[in-house]
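Take this structure first; my questions come after.
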Amino acid sequence: MTTVLEPAAPLQVDDHAAHVYQQRSALLRASSPAEAAAELKGIATAVRRDILTTIQSAGMGHVGGDLSVTDLLVTALWGTLRMHPADPGHPQRDRFVLSKGHCAAALYSTLASCGFFPRARLSEFMAPLSPLNGHPARLKVPGVETNSGPLGHGFPVAAGIALGARLRGEAWRTIVVLGDGEMQEGSNWEAAMTAAHYRLSNLTAVVDRNRLQQGARTEDTTALDPLDAKWESFGFEVRVIDGHDHQAIKEAYAPSTTGRPVAVIANTVKGKGVSFMEDRVEWHHKVPTDEQVRLALEELTR
Amino acid sequence: MTTVLEPAAPLQVDDHAAHVYQQRSALLRASSPAEAAAELKGIATAVRRDILTTIQSAGMGHVGGDLSVTDLLVTALWGTLRMHPADPGHPQRDRFVLSKGHCAAALYSTLASCGFFPRARLSEFMAPLSPLNGHPARLKVPGVETNSGPLGHGFPVAAGIALGARLRGEAWRTIVVLGDGEMQEGSNWEAAMTAAHYRLSNLTAVVDRNRLQQGARTEDTTALDPLDAKWESFGFEVRVIDGHDHQAIKEAYAPSTTGRPVAVIANTVKGKGVSFMEDRVEWHHKVPTDEQVRLALEELTR
Amino acid sequence: MSTLTQQAATFDCRTDFADELITLARADERIVAVCNDSVGSSNLVKFRDEFPDRLINVGIAEQDMVGVAAGLANAGFIPFTSAAAPFLTGRAMEQIKADVAYTHRHVVLCGQSPGMAYGELGPTHHSIEDLSWMRAIPGLEIIVPADPSQMRSAVRWAAASGKPTYIRVPRFKVPAVTPDDAPFEAGRAVRLTEGSDVTLIAIGTMVSRALDAAAALGRDGISARVLNMTFVEPLDADAVVAAARETGAIVTAEEGLLSGGLGAAVAKVVAENHPVAVRMLGVPAFAPTGSAAFLLEHFGLTADGIAGAARAVLGRA
Amino acid sequence: MSTLTQQAATFDCRTDFADELITLARADERIVAVCNDSVGSSNLVKFRDEFPDRLINVGIAEQDMVGVAAGLANAGFIPFTSAAAPFLTGRAMEQIKADVAYTHRHVVLCGQSPGMAYGELGPTHHSIEDLSWMRAIPGLEIIVPADPSQMRSAVRWAAASGKPTYIRVPRFKVPAVTPDDAPFEAGRAVRLTEGSDVTLIAIGTMVSRALDAAAALGRDGISARVLNMTFVEPLDADAVVAAARETGAIVTAEEGLLSGGLGAAVAKVVAENHPVAVRMLGVPAFAPTGSAAFLLEHFGLTADGIAGAARAVLGRA
């Protein structure tokens, strides 16, 4: 059986945005976390606005998890990793994997902010034949390393990428972002054991610890706490942070100090930045009305 | 598609042995661990002998893991759980699940010792159309609760059984025995989270910690240590014991004292009881020659 | 496409699934529901509210979900195990094989939103593989309800059967297509129209489209028999052989890959018993982005597509 | 059964698998092996000794194994991912779908000891489902080598193809059946004997038995063509249509379930293109206890069984 390729208009680099990204992100990467924080915050606010309008135009999406993961994404792609929007397959690129693939709108908005493709294309999210599928697909979207959507896939793949870097003696790093509910998938604990066993200090696993999953709070579904003890017992160097504090995130993304892989437990708020969505389970994939988007965008200028 | 049933001669209870079992096991269950230890040890030695001849007649088997798990099995079936060899489907029976199903010969030998079927049938192990398949199958072997063989299956099933007891308000208990290498399967950590979340204090998960898996030592393959910390962080009451000390095993099989499910980490020796097999990886599934069986049986009389 | 069923009222069978399950659960304490953080998407909110203890949500852990269900069956329960079809089948495949089918446990596996019902969410969330995957597990009954009445029958049948069973629970809205007196039996297709030139064998979302196709063909003077195959396993081989013998040509239509689903099952019976020309309609590959309705059109899984295949198989294209 | 190939020397293709992989790895640094505590059973001991860093053993964790392999492919490696076939396919099914096929990574999936090669270990260790399961994953090439020479060709082909590929690595000993000048190409069957009355289409362990069946049929004056289908995906549809047209009857034989493997693929092509009678031989259900050789006999997967099916399909039973 053969795969049908997308008949859609492919996504192409936004030259100007990519150029801006190269310069600004180089500075941000070089800056101290404290210095970089304000600028990262500004970018994150812009990305949050794009997430909302992207979901609005699609009439679908996972807004709660998009908004909880935004700061983690922006700090990774703008402030930490070396991305190449004009040459997305650059062999020495750092790798970013969004394992919680249902938050595609957040990833796409961030990739667009870096210039991987024009921001204007975000309005095609989930449109017929659009490359911007509801879950990220690497043959369609530059900057996507592996297809995600089913939970529990990104981390093993990221472990393989990091192991590959190690085998090749390459310096590039890998960051993978997981949902907290996603940590209920056993495949992640398999990957954790592998990463620890191979001492993949070039790998950082970030948990978007918003304490909500699809239907309820994580602790009311299948409890994850003590999550730090779990990661530690699985051989990771654990860093627990405020996942909306850009300085803390950038600090937490610093390379391993122990030779072990790093787990960042980022305490976040689902729906962060839009007061009426914050920490409310129904905003997992509820779609805001136009009026709600207006109110949200208003909040996101302040 | 329909399942073809076995054309083989079904296994039937050994009335005499079952009768002996009912009486002796009731005494052993009621005895203190210290009192019961010597008798359990005697039964275990007899079972070890049967394992060796069973594998000898089949010319196949997993002798190393069989011998490491024997004391755990015998103490469960003879000294702890309420089994009903004459009525194996008894609704109030305690449940025993051997998740490391490759050690079928140990399970079959123990079940035969209890009278679930005549010991003489052990010589049919893996013979054409025999009910004593290389891995346990419940429609073929009375006393088998669920088919195992692929690693990582028995624990989720056992969690479901324990949850079922809880839902029905039944007092029966469930013990599941896992290999240590088997703990690399993520499905087990899923089950651990479920069991802890539902506070299945009627469930005891036992790890046969012989530190060897199929091809090498566990710590040289994918390290499991600190295994106690892993279980603790997953919400279990952890008991670390010598897995060949029948008193310690019986103590460790005592019900939960914390309301949490219990994990017993039983430190064992693969190939236990046969000096030339002990702690040697090649005896995972090497088959002893007749001369080696003779030597082994000699050791197992002492 | 202005045909009868396309204009008819359509229904979300998930409601019927959930309501029927509650009705059964009221009468039979053994019935429990097991799910993977899918209380909402499996439409089990009402079930949970009425039977809080009997809704077991293991979180996002499909292997564990199926293992736990098998354990609950061991303990005397009848677990309706419900998750989005791709995750239930793909992620817990070996548990379905070993813990359910081979252990022979009465576990009912409910694949929610199968086929391309999740449209824009893409191939990871589509379940075009499930029928091929599940047919390759010996001993599993496979039911694809076509409308609300069949959905309810499927739930009742599975609860009473004592057999490991996989049921597709459609999300894509469908019209009612089942006559009141139609049988609901394992291995028994429902004959919806008589016909002598060609037989259209369809399941699930494709049944109403096959009826529309038959109507369109009728206007061209082609007499098409329509069979709703419902049970893909065990298949109604007699009805297939009769179709081959009496109508001489067959078109199959399913929302799934053609490697091992309905079409493959029919082709086997035909080739082994009474070789005639068959055309198989299904999903050829991982789908591009689009709504479920869009994708069905995109792949020609429409009344027009079925009618076209019928004309082609009759050499009247 | 005193026929040619049954008396011939037989070979364990795992040796060829391993040796060829080492040969390739010497020439191409991108080649790595990934396994699940199966260094020995995947015959990778020599590979590990020569390339200790390039043998990645993730332990008993098949989902992780396939994910890690996909990651290694992202990093520029060509991972030969090797595990017992039932665990590779059944346990990592969704990883194969999403991380390998849909992500389109050049990962080579090596299913060790497929079919009923693990005999007495029973259905949990048999892989009679793999061909049906893997055929239902779009974009995956599927190779079933029939002898040592095809085993080596398969390894080379998969390393060079750039495509996600599933290869059965036989454990059951087989005689050499492939002529030196035979092609090894995707979508191209190997025609082993000419014949005009019936075509026997076989794969893997069944190829030598099909040859023996053809010899036996020849003694009865029945001229049987034998095709070794090798690539179950992409199938050589032209060869199937030619067989239907030129010989008028087909028997398929495979060590696996019939729901979606070789037989189903052939039946589809036949029914859609040139309907003729087909008999499909395979494994009907979970097997009882017994050695691989015993079970093949038990299910009639023998030269006699194939010849009998040929006679039946010709109405000469």
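Here the chain labels run A, B, C and D in written order, and each chain numbers its own residues starting at 1.
Following the convention adopted for this analysis, a contact is a pair of C-beta atoms (placed from the backbone, for glycine too) under 8 Å apart; a residue touches a chain by one contact, two chains touch by 3 or more.
Owing to the predicted nature of the structure, the values given are computational and were not obtained by experimental measurement.
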| request: Treat touching chains as neighbours and tell me the shortest step distance from subunit A to subunit C. | output: 1
| said: Farthest chain from subunit C, going by the mean of C-alpha atoms per chain? | reply: B
| How far is the middle of subunit B from the middle of subunit C, if each middle is the mean of its Cα atoms, in Å? | 40
| query | Using CA atom averages as chain centres, what separation in Å is found between subunit C and subunit D? | reply | 30
| said: Could you work out how far the Cα centre of subunit B sits from that of subunit D, in whole Å? | reply: 36
| field | Junction residues of subunit C, two or more chains touched | value | 58-59, 61, 63-64, 86-87, 90-91, 94, 98, 101-102, 123-124, 135, 137-139, 257, 259, 284-286
| task | Could you check subunit B for residues that touch two or more other chains and list them? | result | 1-3, 137, 147-150, 152, 184-187, 190, 193-194, 197, 221-222
| request: Assign the assembly's chain-to-chain touch graph to one of these shapes: line, ring, star, complete, other. | output: complete
| field | Touching residues on subunit A, where the partner in the complex is subunit C | value | 1-4, 6-8, 58, 60, 101, 126-135, 137, 147-152, 181-182, 184-186, 213-216, 218, 221-222
| subunit A partner contacts - residues on subunit B that touch it in the complex | 184-190, 193-194, 196-197, 221-224, 226, 229-230, 232-235
| task | Enumerate the contact residues on subunit C facing subunit B in the complex. | result | 32, 53-54, 56, 58-59, 61, 63-64, 66-77, 79, 94-95, 98-99, 101-105, 135, 137-140, 233-234
| field | List of subunit C residues in touch with subunit A within their complex | value | 37-41, 57-61, 63-64, 86-87, 90-91, 118, 120-125, 257, 259, 284-291, 294
| Which positions of subunit C touch subunit D when the two form their complex? | 86-87, 90-91, 93-94, 97-98, 101-102, 123-124, 129, 132-133, 135-139, 257-261, 263-265, 267-268, 270-272, 275-280, 284-286
